[in-house]
Amino acid sequence: MIPKERIAEILGSYEDSISIATVCSHSSLQIFDGARKEGFKTIGIAIGKPPRYYDAFPKAKPDEFFIVDSYPQILEKTSELAEKNAVVIPHGSFVEYLGAQRFLELDLPTFGNRRVLEWESDRDKEREWLTSAGLSMPKEIDNPENIDSPVLVKYHGAKGGRGFFIAKDYEDFKAKADSGEKYSIQEYIVGTRYYMHYFYSPVTDGGYRLSKGCLEFLSIDRRDESNIDGLYRTGSQEEMRKMGIDPTFVVTGNIPLVLRESLLPKAFDIGEKTVEKSLELFGGMIGPFSLEAIVTDDLEFKVFEISARIVAGTNLFISGSPYADLLDEKMSTGRRIAREIRIAKEKNLLMEVLS
Amino acid sequence: MIPKERIAEILGSYEDSISIATVCSHSSLQIFDGARKEGFKTIGIAIGKPPRYYDAFPKAKPDEFFIVDSYPQILEKTSELAEKNAVVIPHGSFVEYLGAQRFLELDLPTFGNRRVLEWESDRDKEREWLTSAGLSMPKEIDNPENIDSPVLVKYHGAKGGRGFFIAKDYEDFKAKADSGEKYSIQEYIVGTRYYMHYFYSPVTDGGYRLSKGCLEFLSIDRRDESNIDGLYRTGSQEEMRKMGIDPTFVVTGNIPLVLRESLLPKAFDIGEKTVEKSLELFGGMIGPFSLEAIVTDDLEFKVFEISARIVAGTNLFISGSPYADLLDEKMSTGRRIAREIRIAKEKNLLMEVLS
Amino acid sequence: MIPKERIAEILGSYEDSISIATVCSHSSLQIFDGARKEGFKTIGIAIGKPPRYYDAFPKAKPDEFFIVDSYPQILEKTSELAEKNAVVIPHGSFVEYLGAQRFLELDLPTFGNRRVLEWESDRDKEREWLTSAGLSMPKEIDNPENIDSPVLVKYHGAKGGRGFFIAKDYEDFKAKADSGEKYSIQEYIVGTRYYMHYFYSPVTDGGYRLSKGCLEFLSIDRRDESNIDGLYRTGSQEEMRKMGIDPTFVVTGNIPLVLRESLLPKAFDIGEKTVEKSLELFGGMIGPFSLEAIVTDDLEFKVFEISARIVAGTNLFISGSPYADLLDEKMSTGRRIAREIRIAKEKNLLMEVLS
C-alpha cells in the first residue's frame, strides 16, 4: 500500500484547493452533487468518453470529465489527476473495476483508510473483525453432512449475485450442489433485511461519541435483487427450478426503509463496536460504511456483510432521509463525505480522513 | 380513568408554557423534532439513563431527559413532570410499557382522548366500533369446522407478532393448531396491505369537514415483518415448516407507499365514519390514528385493525410525505401533534385535545 | 382525430391566459399542485359533485370544479371549458373513462400528441413501435404447444389486472386455460420490475439531447398489485388456487425505488430510442411517459409495456425524487408538465407540446 507520507506529500502540493474525483458509476451522482453543494470542484473519471446520462442531471454533472482508455490506466495518469488537486472517493464499482491491489497502490489521496480493504475483501478476516467486535453473524458450517437447518451455499467463484443457493437440508444440498466446485456454507437466517448506512467521522466533535470522533446513522435501504425478488410471483421456486430457472441475487436497485425505533440502540451498538474494533485492528474505518443484517423475529441483528465505503443504497437519499434529516438538511452520504473533507481541511486534519 | 377536571386543573397550573414529553422509543424522534419545530420544550422519559442514540440526531434530541427506574415509576413522579409543564404524547410503546390501566390513571395532561383505549384494546369492542361505523372487516369464524377458505388463527396470548398462523382449511387448521391454547379465527383476506395515517383535529377550521373539526390524511406505510416478509426467498413455507421455521409477524420496520388515487375517496370515507362513530361512542378519538387494511383485488378495504394514536410507520415521513406535502411543508405526524396543541392553545381549546 | 389547425384556433382565443384542466382522479393531485406552483389556474373535472378529498389537500385543490353528469358529457361542454382557457392534461383514468375514440375528438387543446394513442392502445402496434426502436420485449408465442418456459397468458378481454395467468408449461397451460376465451401468450420474464418515469421535452435546450429537444428521467416506482403482491404470505399459490383464490394483478398503489446506477445508461438508451422512433412514426410522443420493464439477472431490460402519459407511480414523488432532485427542486411529473407548457408558451412554441 502506498505510504501515508507519500499521500501527505501529494496533498501538500494541492495548496488550498481540492477537487473531488470518482469513477462515473455506482453512487457518483450523489458524490458529485454533494461535493458541489459543499463547494468543491468535481472530476468524473470515465472510460472512452463522458457518459451522456449526466446531461439529464445537471446538479450532479461533474465540472470536468477525465477520460481514460481503461480503468488500470488511471494508475498511469495519477500525476495528471494530482495536478488537478484530485481527492479520490472510492465506491464499490471503483474498487472492483480498478482491482483491490491497484487501488491500494493508487498514487493519489483517497477518502477513507485503504487498509480496510485487507479486512473486508477476505471473508475470513471480515468474520474475524466483526465477530471479535462482538457482532452476531450467521454460523459457518464446515461439513455439509452437518446441515441441520436451512443454509446458504456460496461457490468460491461466486460473483455478482450468482453462484449461491439455499439448501433446506443435506439431501437438498446434495441435489443442488455442483460437485466440481468449491463452496462455503453458512446458516441461512430467515428474517427481514436491513442495509444500514453509517458514517464514522474521526474529526467531528459532539454527536454519538466513540473513543475518537463520532458515529452517525444516515439511512437504510433494502437491496432489490433479480431474480429472487421477483420469483415469488411465479408461485413456486421448486417448479421454476424444474424449468431451469434458479434463484439468483443480482442487485438491480434499492428500496427505502426505516427500522423499528426500539432497534436503533442495537443498531448503534453494532456500528460502534465495528468502528472501535477497526481502530484497534488497522487504524480505523473512516467515513461511510454499511452493516448488512437480517433482523430475526427475536429482534436480533445477524450481520452477513460489511461494506466499508459508500453503498449504492444511499442513492435513494440524495435529498436526505428520515434519519439524516434529524442531523442536517438535504444531507446525502455523498454530501456527507464532501463535508467531512471540508471539516477536516478547516481543522487541518485532512490526513485523518485520507490515505 | 382520571377525571377531565383534574387534567384541566393541572393544565391551569402550567400558565402559558407547555413542554412535550414522551417515552424515548417508538416514534419519539419525530415527536421531539416536531415539537421543537412548533416551538415547544421537549422532555424524553427514559429508563435508567439517557439513550445515547439521540446524540446522533441533534434535531430530535429532547431538551431534557427525565430518568425513571421503571415505567410504573412514571406514575409516582407525575408531580415532577407537572412542575415541568409536561403534556404527554402517548405512543404504542408508551402505552404498552406503562400498561393500559396505569396509562388511564396517569395524573398528567395527555394528548388525545384516553377513553379510546377501552374501545381499542378489546378485540370485540374494536370490532363493534368499526363495524357499527360501517367498515368492512374480515369475518370471524366461531367453529373451526366451518373454515371454508383461508383463515388467520390467533392465540389469545399472542403478542408481538407471534402466536398467529394461516390455515388453508380445516385439515390444515387441525394440523397446525395447538390443542391446549385458546384462539380466535378470522377470514384471511388476500391482498395488499396499507397502513393509512390519518389525523383528526377537533379544533381546525376548513379542510375535510366532519360533524366537528376536520380529517387529514398524512401518509401510508406497510409494516415490514420478520420472518414472514423474508420467508418467500426460501421458496417454500411448507418446507421451512418441516425444518421448524414457522411464519412469524414481528414488526421490524416500515416501507413507504402511496395508494391508487381513485381509492382516496374510500379511504377518507372509512376514516370519517370511524371518527364520527368515535364521537358518538366515547367523545371522539383525537389526533393521529391508523386504519390498517387489506386492499382486495375488488378494490375494497378490509380493515383488520385500528391504532388510535401515532403509529411507527409515520417514522418514514419525518420531513413530509406525498400526502402531507399537499397540506403543509415538512409536516411529520409528530409535528402535526405539536401543531394541534399549539392551535388548541391559541384558540383556548386545549381541553378539546387533551385528557 | 381533431385537426391541429382547430386546436391552434382554440388556443388563439385564449390570448395570454391558460388554465390547466384534468379529471379528478389518477394523478390529479400532483397535476393541480404542480400547475399552481408554475402559476396556472386549475380546473378539476368531476362527475356529479366536487370530490371531497381535495379539501384535505389544499395545495392540490383546483381553483374551480367543472361538474359533468358523465364523462362523455365533457365532449358536449368543450366550449365552456374553452371559455375558461382550458388546456387538458390527459392521464390514464381520463383516457379510460372518456374512451380513446372520444379523447381523440375532444375539441380542446390537450397536452401531448394524441396520435400516440393509436400506437399505444393496440398491442401489435405497441410491439411494432418498441421492437423497431430496438427494445427487447418478452417473446410472443403463437401456439401453446410451443410453450417451453414460463409464460404469461392474457385473455383478450383482460382488464384492470384480471384475466391473466402464469403457466409453467403446456400441461399447466391446459389445466388453467379457459377454452372458450381468446388469449395471447408471451414469455414470462423472471426478474425485478421497474416502472421508469421519463419526460420528453421537444422545446427544452440543453440536457440529454435527442435529435430534437431533450430527455429527462424523473423517477421510478414499482406497482403494488392485489392480490399477487400479498399472496406470498400465504405460503403457496398452488394451495390458494385449490381454495379458489387465483393470482390477480390489480394495481392498488406504488412503492418507490432507485435503479442500480450502472443501469442508467441503458435506461436512457431505451428511452431515447423510444422517443426517436415515435418522432419517425407519428410526430413524437410529447411529455411524460413510462417504460415498464423487468430487469433480468443478466441486467437486461425486458420492456413489457409503455404508458405514453403521466403514470400514477409518479404520485410518490410529489416533492421530488432521487432523480428529479438532480434536475430541479420539488419537481413532480405534474409540475414538470405545467412547466413544459409555461416554457413552450414563453418560447411561442405551444403547438409543439399540444394537440
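Chains: A, B and C, in written order; residue numbering restarts at 1 for each.
We take it that contacts are C-beta pairs under 8 Å (C-beta built on N, C-alpha and C of every residue); 3 or more make two chains touch, one makes a residue touch a chain.
Bear in mind the structure is a predicted one, so any value in this text is a computation, not a measurement.
Between the two copies, chain A and chain B, the C-alpha superposition involves a rotation of 120 degrees in steps of 5. Counting every residue number used by either copy at the chain A-chain C contact, under half are found in both chains. Put simply, the C-alpha centre of chain A and that of chain C have 35 angstrom between them.
With touch defined as above, residues shared between interfaces to two or more other chains in chain A number as follows: 229, 231-232, 236, 255-256. Residues 149-150, 166, 168-169, 188, 190-194, 206-209, 214-217, 220, 228-229, 231-232, 236-238, 247, 255-265, 267-268, 294-299, 320, 322-323, 325-327 of chain C touch chain A in their complex. Touching chain B in their complex are the following residues of chain C: 25-29, 33, 51-53, 55-60, 93, 161-162, 224-227, 229-236, 239-240, 242-245, 248, 250-256, 312, 315-319.
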